[in-house]
Amino acid sequence: MEIRVQQERFRAGEELDRFTAGVEHAGAVVSFTGVVRDDSGEMAEMVIEHYPGMTEKALREIADQALERWSLADALVIHRYGPLVPGEQIMMVATASRHRKDAFEAAEFLMDYLKSRAPFWKMERGPDGESWVAAKDDDEDALNRW
Amino acid sequence: MEIRVQQERFRAGEELDRFTAGVEHAGAVVSFTGVVRDDSGEMAEMVIEHYPGMTEKALREIADQALERWSLADALVIHRYGPLVPGEQIMMVATASRHRKDAFEAAEFLMDYLKSRAPFWKMERGPDGESWVAAKDDDEDALNRW
Amino acid sequence: MIDVLYFAWVRERIGVPRERLETEATTVAALVEELRAREERYEVAFSDLAALRVAVDQELTGFDASLEGAREVAFFPPMTGG
Amino acid sequence: MIDVLYFAWVRERIGVPRERLETEATTVAALVEELRAREERYEVAFSDLAALRVAVDQELTGFDASLEGAREVAFFPPMTGG
(Lines give C-alpha, C1' and ligand atoms only; values in the text may rest on other atoms or scores of the structure.)
Protein backbone atom coordinates (compact mmCIF):
# COMPACT_ATOMS: atom_id res chain seq x y z
CA MET A 1 0.00 0.00 0.00
CA GLU A 2 1.35 3.40 -0.92
CA ILE A 3 -0.03 6.70 0.39
CA ARG A 4 1.49 9.95 -0.84
CA VAL A 5 0.59 13.52 0.06
CA GLN A 6 2.65 15.87 -2.03
CA GLN A 7 2.85 19.33 -3.53
CA GLU A 8 4.56 18.13 -6.73
CA ARG A 9 2.71 17.20 -9.87
CA PHE A 10 2.42 13.56 -10.80
CA ARG A 11 1.43 11.73 -13.96
CA ALA A 12 -1.47 9.35 -13.36
CA GLY A 13 -0.44 7.14 -16.29
CA GLU A 14 3.09 6.70 -15.05
CA GLU A 15 1.82 5.89 -11.57
CA LEU A 16 -0.72 3.44 -12.99
CA ASP A 17 1.91 1.54 -14.97
CA ARG A 18 4.22 1.37 -11.97
CA PHE A 19 1.38 0.23 -9.72
CA THR A 20 0.22 -2.42 -12.21
CA ALA A 21 3.76 -3.75 -12.70
CA GLY A 22 4.08 -4.17 -8.92
CA VAL A 23 1.07 -6.42 -8.41
CA GLU A 24 1.21 -10.10 -9.24
CA HIS A 25 -1.82 -12.29 -9.68
CA ALA A 26 -4.12 -9.27 -9.95
CA GLY A 27 -6.28 -9.58 -13.01
CA ALA A 28 -8.05 -6.27 -12.46
CA VAL A 29 -6.69 -2.77 -11.89
CA VAL A 30 -8.99 0.22 -11.41
CA SER A 31 -7.85 3.83 -11.23
CA PHE A 32 -9.56 7.10 -10.48
CA THR A 33 -7.98 10.44 -11.35
CA GLY A 34 -9.35 13.78 -10.16
CA VAL A 35 -8.65 16.75 -12.40
CA VAL A 36 -9.09 20.47 -11.61
CA ARG A 37 -12.27 21.43 -13.43
CA ASP A 38 -13.03 25.02 -14.35
CA ASP A 39 -16.77 25.19 -14.96
CA SER A 40 -16.93 28.98 -15.16
CA GLY A 41 -13.91 29.23 -17.42
CA GLU A 42 -12.66 31.94 -15.09
CA MET A 43 -10.78 30.09 -12.39
CA ALA A 44 -7.19 31.27 -12.16
CA GLU A 45 -6.11 28.62 -9.72
CA MET A 46 -7.18 26.20 -7.06
CA VAL A 47 -5.34 26.03 -3.76
CA ILE A 48 -5.59 22.89 -1.68
CA GLU A 49 -4.97 23.18 2.05
CA HIS A 50 -4.46 20.12 4.21
CA TYR A 51 -3.66 19.10 7.78
CA PRO A 52 -0.11 17.71 7.74
CA GLY A 53 0.16 14.67 9.98
CA MET A 54 -3.54 13.97 10.14
CA THR A 55 -3.86 13.74 6.34
CA GLU A 56 -1.48 10.80 5.97
CA LYS A 57 -3.02 9.10 9.00
CA ALA A 58 -6.59 9.51 7.72
CA LEU A 59 -5.69 8.25 4.25
CA ARG A 60 -3.90 5.25 5.70
CA GLU A 61 -6.91 4.40 7.87
CA ILE A 62 -9.23 4.62 4.89
CA ALA A 63 -6.93 2.43 2.77
CA ASP A 64 -6.61 -0.08 5.63
CA GLN A 65 -10.38 -0.33 5.78
CA ALA A 66 -10.52 -0.99 2.03
CA LEU A 67 -7.88 -3.73 2.34
CA GLU A 68 -9.90 -5.33 5.12
CA ARG A 69 -13.22 -5.22 3.32
CA TRP A 70 -12.15 -6.29 -0.14
CA SER A 71 -9.74 -8.85 -1.45
CA LEU A 72 -7.08 -6.50 -2.79
CA ALA A 73 -3.58 -7.20 -4.01
CA ASP A 74 -2.63 -3.54 -3.43
CA ALA A 75 -3.90 0.04 -3.21
CA LEU A 76 -2.41 3.42 -4.05
CA VAL A 77 -3.49 6.90 -2.97
CA ILE A 78 -1.81 10.11 -4.13
CA HIS A 79 -3.18 13.54 -3.19
CA ARG A 80 -1.63 16.92 -3.90
CA TYR A 81 -1.84 20.14 -1.92
CA GLY A 82 -0.85 23.71 -2.71
CA PRO A 83 -1.68 25.71 -5.85
CA LEU A 84 -3.01 23.97 -8.97
CA VAL A 85 -4.29 25.28 -12.30
CA PRO A 86 -7.30 23.98 -14.26
CA GLY A 87 -6.52 20.72 -16.06
CA GLU A 88 -3.95 19.62 -13.52
CA GLN A 89 -4.33 16.28 -11.77
CA ILE A 90 -5.31 16.72 -8.11
CA MET A 91 -5.23 13.17 -6.89
CA MET A 92 -5.59 9.53 -7.83
CA VAL A 93 -6.42 6.20 -6.29
CA ALA A 94 -5.71 2.78 -7.76
CA THR A 95 -6.75 -0.67 -6.62
CA ALA A 96 -5.70 -4.12 -7.81
CA SER A 97 -7.56 -7.35 -7.26
CA ARG A 98 -8.11 -10.76 -8.77
CA HIS A 99 -11.62 -9.76 -9.72
CA ARG A 100 -13.00 -6.56 -11.19
CA LYS A 101 -15.84 -6.25 -8.69
CA ASP A 102 -13.46 -5.91 -5.73
CA ALA A 103 -11.21 -3.48 -7.57
CA PHE A 104 -14.14 -1.26 -8.61
CA GLU A 105 -15.89 -1.28 -5.23
CA ALA A 106 -12.71 -0.62 -3.26
CA ALA A 107 -11.78 2.30 -5.53
CA GLU A 108 -15.24 3.86 -5.09
CA PHE A 109 -15.06 3.32 -1.35
CA LEU A 110 -11.63 4.99 -1.20
CA MET A 111 -12.95 7.96 -3.15
CA ASP A 112 -16.12 8.33 -1.10
CA TYR A 113 -14.23 8.27 2.19
CA LEU A 114 -11.36 10.38 0.98
CA LYS A 115 -13.84 13.08 -0.12
CA SER A 116 -15.48 13.45 3.26
CA ARG A 117 -12.99 12.08 5.79
CA ALA A 118 -9.51 13.17 4.69
CA PRO A 119 -8.58 16.72 5.80
CA PHE A 120 -8.29 18.57 2.50
CA TRP A 121 -9.97 21.85 1.64
CA LYS A 122 -10.23 23.42 -1.79
CA MET A 123 -10.16 27.16 -2.44
CA GLU A 124 -10.80 28.64 -5.87
CA ARG A 125 -9.26 31.88 -7.07
CA GLY A 126 -10.99 33.79 -9.84
CA PRO A 127 -11.74 37.33 -11.03
CA ASP A 128 -14.20 37.78 -8.14
CA GLY A 129 -11.67 36.80 -5.52
CA GLU A 130 -11.28 33.68 -3.44
CA SER A 131 -13.89 31.21 -2.31
CA TRP A 132 -13.77 27.97 -0.36
CA VAL A 133 -15.45 25.07 -2.12
CA ALA A 134 -18.48 23.93 -0.09
CA ALA A 135 -18.88 20.27 0.81
CA LYS A 136 -21.77 18.58 -0.97
CA ASP A 137 -24.52 16.73 0.85
CA ASP A 138 -24.18 14.11 -1.88
CA ASP A 139 -20.67 13.38 -0.75
CA GLU A 140 -21.73 12.79 2.82
CA ASP A 141 -24.66 10.69 1.60
CA ALA A 142 -22.31 8.58 -0.52
CA LEU A 143 -20.81 7.15 2.68
CA ASN A 144 -24.09 5.54 3.65
CA ARG A 145 -23.87 2.88 1.01
CA TRP A 146 -20.79 1.25 2.55
CA MET B 1 -15.06 7.90 -28.26
CA GLU B 2 -12.26 5.57 -29.27
CA ILE B 3 -12.61 1.82 -29.79
CA ARG B 4 -9.54 -0.21 -30.67
CA VAL B 5 -9.24 -3.94 -31.29
CA GLN B 6 -5.62 -4.81 -31.82
CA GLN B 7 -3.02 -7.54 -31.61
CA GLU B 8 -0.24 -5.16 -30.48
CA ARG B 9 0.60 -4.50 -26.87
CA PHE B 10 -0.39 -1.19 -25.35
CA ARG B 11 0.57 0.64 -22.17
CA ALA B 12 -2.46 1.46 -20.04
CA GLY B 13 -0.67 4.41 -18.40
CA GLU B 14 0.23 6.00 -21.69
CA GLU B 15 -3.32 5.55 -22.95
CA LEU B 16 -4.74 6.95 -19.72
CA ASP B 17 -2.61 10.11 -19.91
CA ARG B 18 -3.53 10.65 -23.56
CA PHE B 19 -7.22 10.08 -22.81
CA THR B 20 -7.18 12.43 -19.81
CA ALA B 21 -5.37 15.16 -21.77
CA GLY B 22 -8.06 14.97 -24.44
CA VAL B 23 -11.07 15.65 -22.22
CA GLU B 24 -11.91 19.14 -21.08
CA HIS B 25 -14.21 19.91 -18.19
CA ALA B 26 -14.04 16.36 -16.91
CA GLY B 27 -13.16 16.30 -13.25
CA ALA B 28 -13.22 12.54 -12.98
CA VAL B 29 -11.44 9.87 -15.00
CA VAL B 30 -11.84 6.16 -14.24
CA SER B 31 -9.85 3.37 -15.87
CA PHE B 32 -10.00 -0.39 -15.75
CA THR B 33 -7.13 -2.56 -16.93
CA GLY B 34 -7.41 -6.31 -17.36
CA VAL B 35 -4.18 -8.27 -16.93
CA VAL B 36 -3.48 -11.93 -17.84
CA ARG B 37 -3.55 -13.75 -14.51
CA ASP B 38 -1.84 -17.08 -14.04
CA ASP B 39 -3.43 -18.66 -10.99
CA SER B 40 -1.84 -22.08 -11.45
CA GLY B 41 1.60 -20.64 -12.15
CA GLU B 42 1.74 -22.97 -15.12
CA MET B 43 0.08 -21.05 -17.93
CA ALA B 44 2.43 -20.66 -20.87
CA GLU B 45 0.20 -18.31 -22.79
CA MET B 46 -3.31 -17.12 -23.34
CA VAL B 47 -4.71 -16.82 -26.84
CA ILE B 48 -7.64 -14.51 -27.46
CA GLU B 49 -9.84 -15.22 -30.45
CA HIS B 50 -12.37 -12.69 -31.68
CA TYR B 51 -14.90 -12.12 -34.45
CA PRO B 52 -13.45 -9.43 -36.72
CA GLY B 53 -16.15 -7.02 -37.84
CA MET B 54 -18.63 -7.95 -35.16
CA THR B 55 -16.18 -7.16 -32.35
CA GLU B 56 -15.76 -3.50 -33.24
CA LYS B 57 -19.50 -3.18 -33.85
CA ALA B 58 -20.42 -4.77 -30.51
CA LEU B 59 -17.94 -2.62 -28.59
CA ARG B 60 -19.21 0.50 -30.29
CA GLU B 61 -22.82 -0.35 -29.43
CA ILE B 62 -21.88 -0.94 -25.78
CA ALA B 63 -19.97 2.34 -25.61
CA ASP B 64 -22.87 4.17 -27.30
CA GLN B 65 -25.20 2.84 -24.63
CA ALA B 66 -22.85 4.08 -21.91
CA LEU B 67 -22.71 7.54 -23.50
CA GLU B 68 -26.52 7.61 -23.60
CA ARG B 69 -27.04 6.49 -20.02
CA TRP B 70 -24.37 8.55 -18.27
CA SER B 71 -23.14 12.06 -18.66
CA LEU B 72 -19.72 11.32 -20.12
CA ALA B 73 -17.15 13.59 -21.68
CA ASP B 74 -15.53 10.63 -23.43
CA ALA B 75 -14.95 6.88 -23.35
CA LEU B 76 -12.12 4.62 -24.49
CA VAL B 77 -12.07 0.86 -25.09
CA ILE B 78 -8.97 -1.11 -26.12
CA HIS B 79 -9.03 -4.91 -26.41
CA ARG B 80 -6.28 -7.15 -27.67
CA TYR B 81 -6.48 -10.48 -29.47
CA GLY B 82 -3.89 -13.13 -30.33
CA PRO B 83 -1.27 -14.64 -28.01
CA LEU B 84 -0.48 -13.04 -24.63
CA VAL B 85 1.72 -14.13 -21.74
CA PRO B 86 0.89 -13.81 -18.00
CA GLY B 87 1.29 -10.24 -16.75
CA GLU B 88 0.45 -8.68 -20.11
CA GLN B 89 -2.40 -6.20 -20.36
CA ILE B 90 -5.38 -7.69 -22.17
CA MET B 91 -7.69 -4.71 -22.38
CA MET B 92 -8.68 -1.43 -20.83
CA VAL B 93 -11.63 0.91 -20.63
CA ALA B 94 -11.56 4.53 -19.52
CA THR B 95 -14.40 6.97 -18.89
CA ALA B 96 -14.35 10.71 -18.21
CA SER B 97 -17.13 12.72 -16.61
CA ARG B 98 -17.74 15.82 -14.55
CA HIS B 99 -18.60 13.66 -11.58
CA ARG B 100 -17.03 10.51 -10.20
CA LYS B 101 -20.30 8.61 -9.92
CA ASP B 102 -20.95 8.73 -13.66
CA ALA B 103 -17.36 7.82 -14.50
CA PHE B 104 -17.36 4.83 -12.12
CA GLU B 105 -20.76 3.50 -13.12
CA ALA B 106 -20.13 3.84 -16.85
CA ALA B 107 -16.78 2.05 -16.55
CA GLU B 108 -18.40 -0.84 -14.66
CA PHE B 109 -21.22 -0.98 -17.18
CA LEU B 110 -18.73 -1.11 -20.07
CA MET B 111 -16.84 -3.93 -18.37
CA ASP B 112 -19.94 -5.95 -17.55
CA TYR B 113 -21.27 -5.73 -21.09
CA LEU B 114 -17.92 -6.23 -22.73
CA LYS B 115 -17.39 -9.43 -20.73
CA SER B 116 -20.60 -11.07 -21.89
CA ARG B 117 -21.57 -9.33 -25.12
CA ALA B 118 -18.39 -8.66 -27.08
CA PRO B 119 -17.23 -11.65 -29.16
CA PHE B 120 -13.93 -12.56 -27.51
CA TRP B 121 -12.91 -16.02 -26.36
CA LYS B 122 -9.95 -16.88 -24.17
CA MET B 123 -7.92 -20.05 -24.48
CA GLU B 124 -5.21 -21.00 -22.01
CA ARG B 125 -2.15 -23.06 -22.93
CA GLY B 126 -0.32 -24.91 -20.19
CA PRO B 127 1.53 -28.17 -19.51
CA ASP B 128 -1.74 -30.13 -19.76
CA GLY B 129 -2.61 -28.73 -23.14
CA GLU B 130 -5.15 -26.16 -24.26
CA SER B 131 -8.45 -25.24 -22.66
CA TRP B 132 -11.10 -22.66 -23.43
CA VAL B 133 -11.98 -20.41 -20.52
CA ALA B 134 -15.59 -21.02 -19.48
CA ALA B 135 -17.97 -18.09 -19.11
CA LYS B 136 -18.99 -17.43 -15.52
CA ASP B 137 -22.62 -17.25 -14.42
CA ASP B 138 -21.54 -14.26 -12.32
CA ASP B 139 -20.68 -12.38 -15.46
CA GLU B 140 -24.09 -12.97 -16.99
CA ASP B 141 -25.73 -12.05 -13.67
CA ALA B 142 -23.73 -8.82 -13.54
CA LEU B 143 -25.76 -7.52 -16.48
CA ASN B 144 -28.97 -7.62 -14.48
CA ARG B 145 -28.06 -4.66 -12.35
CA TRP B 146 -28.09 -2.22 -15.30
CA MET C 1 -26.01 -19.09 -50.03
CA ILE C 2 -24.97 -18.11 -46.57
CA ASP C 3 -21.63 -17.74 -44.79
CA VAL C 4 -21.48 -19.78 -41.60
CA LEU C 5 -18.74 -18.92 -39.08
CA TYR C 6 -17.52 -20.87 -36.07
CA PHE C 7 -15.42 -19.63 -33.15
CA ALA C 8 -13.47 -21.06 -30.22
CA TRP C 9 -14.28 -24.71 -29.42
CA VAL C 10 -17.17 -24.73 -31.91
CA ARG C 11 -14.62 -23.97 -34.62
CA GLU C 12 -12.37 -26.76 -33.32
CA ARG C 13 -15.20 -29.30 -33.32
CA ILE C 14 -16.42 -28.37 -36.79
CA GLY C 15 -12.87 -28.26 -38.09
CA VAL C 16 -13.15 -25.08 -40.18
CA PRO C 17 -13.49 -21.40 -39.21
CA ARG C 18 -16.08 -20.69 -41.89
CA GLU C 19 -17.88 -22.20 -44.82
CA ARG C 20 -20.30 -21.10 -47.48
CA LEU C 21 -23.47 -23.17 -47.56
CA GLU C 22 -26.49 -23.67 -49.74
CA THR C 23 -29.50 -23.94 -47.43
CA GLU C 24 -33.27 -23.89 -47.50
CA ALA C 25 -33.45 -23.14 -43.76
CA THR C 26 -35.46 -20.04 -42.87
CA THR C 27 -34.42 -19.93 -39.20
CA VAL C 28 -31.21 -20.49 -37.28
CA ALA C 29 -32.78 -23.51 -35.59
CA ALA C 30 -33.63 -25.07 -38.96
CA LEU C 31 -30.07 -24.48 -40.18
CA VAL C 32 -28.72 -26.19 -37.06
CA GLU C 33 -30.97 -29.20 -37.74
CA GLU C 34 -29.74 -29.37 -41.33
CA LEU C 35 -26.13 -29.31 -40.16
CA ARG C 36 -26.62 -31.89 -37.40
CA ALA C 37 -28.12 -34.28 -39.94
CA ARG C 38 -25.11 -33.85 -42.18
CA GLU C 39 -22.07 -35.17 -40.38
CA GLU C 40 -21.11 -36.26 -36.91
CA ARG C 41 -18.79 -33.31 -36.26
CA TYR C 42 -21.83 -31.00 -36.53
CA GLU C 43 -23.84 -33.32 -34.30
CA VAL C 44 -21.05 -33.06 -31.70
CA ALA C 45 -20.65 -29.29 -31.99
CA PHE C 46 -24.38 -28.62 -31.74
CA SER C 47 -25.22 -31.27 -29.13
CA ASP C 48 -26.05 -28.70 -26.43
CA LEU C 49 -27.58 -25.53 -27.80
CA ALA C 50 -27.78 -24.00 -24.30
CA ALA C 51 -23.97 -23.87 -24.37
CA LEU C 52 -23.98 -21.96 -27.65
CA ARG C 53 -24.59 -18.42 -28.77
CA VAL C 54 -25.52 -17.25 -32.26
CA ALA C 55 -25.16 -14.05 -34.24
CA VAL C 56 -26.94 -13.28 -37.49
CA ASP C 57 -25.21 -10.64 -39.59
CA GLN C 58 -23.02 -9.82 -36.59
CA GLU C 59 -25.87 -9.20 -34.17
CA LEU C 60 -26.42 -11.50 -31.20
CA THR C 61 -29.78 -13.21 -31.47
CA GLY C 62 -31.69 -16.36 -30.50
CA PHE C 63 -31.93 -19.72 -32.26
CA ASP C 64 -35.46 -18.84 -33.39
CA ALA C 65 -34.15 -15.90 -35.44
CA SER C 66 -35.09 -15.67 -39.11
CA LEU C 67 -32.45 -16.16 -41.79
CA GLU C 68 -34.38 -14.17 -44.35
CA GLY C 69 -31.94 -11.90 -46.13
CA ALA C 70 -29.12 -12.99 -43.84
CA ARG C 71 -25.62 -13.09 -45.27
CA GLU C 72 -23.74 -14.40 -42.28
CA VAL C 73 -24.49 -16.67 -39.32
CA ALA C 74 -21.97 -17.31 -36.55
CA PHE C 75 -21.95 -19.98 -33.80
CA PHE C 76 -19.77 -19.76 -30.71
CA PRO C 77 -19.62 -20.42 -26.95
CA PRO C 78 -20.55 -17.70 -24.42
CA MET C 79 -18.04 -14.86 -24.66
CA THR C 80 -15.17 -14.53 -22.24
CA GLY C 81 -13.56 -11.19 -23.05
CA GLY C 82 -12.43 -8.49 -20.69
CA MET D 1 -1.59 23.70 27.54
CA ILE D 2 -3.09 22.58 24.24
CA ASP D 3 -2.35 23.29 20.58
CA VAL D 4 -5.39 24.58 18.72
CA LEU D 5 -5.29 24.45 14.90
CA TYR D 6 -7.59 26.12 12.37
CA PHE D 7 -7.98 25.31 8.69
CA ALA D 8 -9.57 26.85 5.58
CA TRP D 9 -12.10 29.62 6.32
CA VAL D 10 -11.94 28.92 10.05
CA ARG D 11 -8.25 29.82 9.92
CA GLU D 12 -9.07 32.95 7.93
CA ARG D 13 -11.69 34.09 10.45
CA ILE D 14 -9.50 33.39 13.49
CA GLY D 15 -6.52 35.01 11.80
CA VAL D 16 -3.88 32.44 12.78
CA PRO D 17 -3.26 28.83 11.69
CA ARG D 18 -2.51 27.63 15.21
CA GLU D 19 -2.03 28.82 18.77
CA ARG D 20 -1.02 27.33 22.08
CA LEU D 21 -3.62 27.90 24.80
CA GLU D 22 -3.96 27.52 28.52
CA THR D 23 -7.42 26.12 29.17
CA GLU D 24 -9.49 24.52 31.91
CA ALA D 25 -11.95 23.07 29.41
CA THR D 26 -12.46 19.32 29.67
CA THR D 27 -14.45 18.94 26.46
CA VAL D 28 -14.25 20.40 22.96
CA ALA D 29 -17.61 22.14 23.51
CA ALA D 30 -16.29 23.82 26.67
CA LEU D 31 -13.17 24.96 24.82
CA VAL D 32 -15.36 26.46 22.07
CA GLU D 33 -17.38 28.34 24.71
CA GLU D 34 -14.19 29.70 26.26
CA LEU D 35 -12.94 30.88 22.87
CA ARG D 36 -16.27 32.48 21.88
CA ALA D 37 -16.27 34.47 25.11
CA ARG D 38 -12.80 35.76 24.37
CA GLU D 39 -12.91 37.84 21.20
CA GLU D 40 -15.30 38.54 18.38
CA ARG D 41 -13.25 36.73 15.75
CA TYR D 42 -13.83 33.48 17.66
CA GLU D 43 -17.51 34.28 18.05
CA VAL D 44 -17.71 34.71 14.26
CA ALA D 45 -15.71 31.57 13.47
CA PHE D 46 -17.74 29.41 15.86
CA SER D 47 -21.17 30.94 15.22
CA ASP D 48 -22.51 27.80 13.52
CA LEU D 49 -21.09 24.59 14.93
CA ALA D 50 -23.08 22.51 12.45
CA ALA D 51 -20.84 23.98 9.74
CA LEU D 52 -17.69 22.88 11.58
CA ARG D 53 -15.78 19.66 12.10
CA VAL D 54 -13.33 18.91 14.89
CA ALA D 55 -10.38 16.56 15.35
CA VAL D 56 -8.74 15.75 18.68
CA ASP D 57 -5.17 14.49 18.32
CA GLN D 58 -5.77 14.11 14.60
CA GLU D 59 -8.84 11.91 14.92
CA LEU D 60 -12.24 13.18 13.75
CA THR D 61 -14.63 13.39 16.66
CA GLY D 62 -17.69 15.24 17.97
CA PHE D 63 -17.94 18.47 19.99
CA ASP D 64 -18.77 16.43 23.10
CA ALA D 65 -15.33 14.75 22.97
CA SER D 66 -13.15 14.85 26.05
CA LEU D 67 -9.94 16.89 26.07
CA GLU D 68 -8.35 14.80 28.79
CA GLY D 69 -4.76 14.13 27.82
CA ALA D 70 -5.30 15.81 24.43
CA ARG D 71 -2.33 17.61 22.90
CA GLU D 72 -3.96 18.98 19.78
CA VAL D 73 -7.45 20.13 18.76
CA ALA D 74 -8.28 21.23 15.21
CA PHE D 75 -11.32 23.08 13.86
CA PHE D 76 -12.23 23.20 10.20
CA PRO D 77 -15.13 23.14 7.73
CA PRO D 78 -16.35 19.85 6.17
CA MET D 79 -13.61 18.41 4.00
CA THR D 80 -13.57 18.83 0.24
CA GLY D 81 -10.72 16.67 -1.01
CA GLY D 82 -10.68 14.23 -3.92
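So that you can tell them apart, the chains are marked A, B, C and D in the order they are listed, and the count of residues begins at 1 in each.
The definition used in the following text is that a contact is a pair of C-beta atoms (placed from the backbone, for glycine too) under 8 Å apart; a residue touches a chain by one contact, two chains touch by 3 or more.
What you see is a predicted model; the values in this text were computed from it and never measured.
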Inset, instruction - Could you run down the chains that neighbour subunit B and subunit C together? - result: none
Inset, instruction - For subunit A and subunit D, let me know how many angstrom lie between their CA-based centres, rounded off. - result: 26
Inset, instruction - Mind checking the centre-to-centre distance between subunit C and subunit D? Centres are C-alpha means, answer in whole Å. - result: 72
Inset, instruction - Averaging only over C-alpha atoms, locate the centres of subunit A and subunit C and give their separation in whole Å. - result: 48
Inset, instruction - Any chance you could list the residues of subunit B touching two or more other chains? - result: 34, 100, 111
Inset, instruction - Note the residues in subunit C that touch 2 or more other chains, in rising order. - result: 82
Inset, instruction - Chain pairs that touch, all of them, please. - result: A-B, A-D, B-C
Legend entry - subunit A residues touching subunit D - in the complex, by the definition given at the top: 34, 48-51, 53-54, 57-58, 79, 90-91, 111, 114-123, 132-135, 140
Inset, instruction - Provide the residue numbers of subunit D that touch subunit A in the complex, in ascending order. - result: 5, 7-9, 11, 55, 58, 60, 74, 76-82
Inset, instruction - Please give the residue numbers of subunit A that touch subunit B in the complex, ascending. - result: 11-18, 20, 24-39, 87, 89, 98, 100-101, 103-104, 107-108, 111, 142
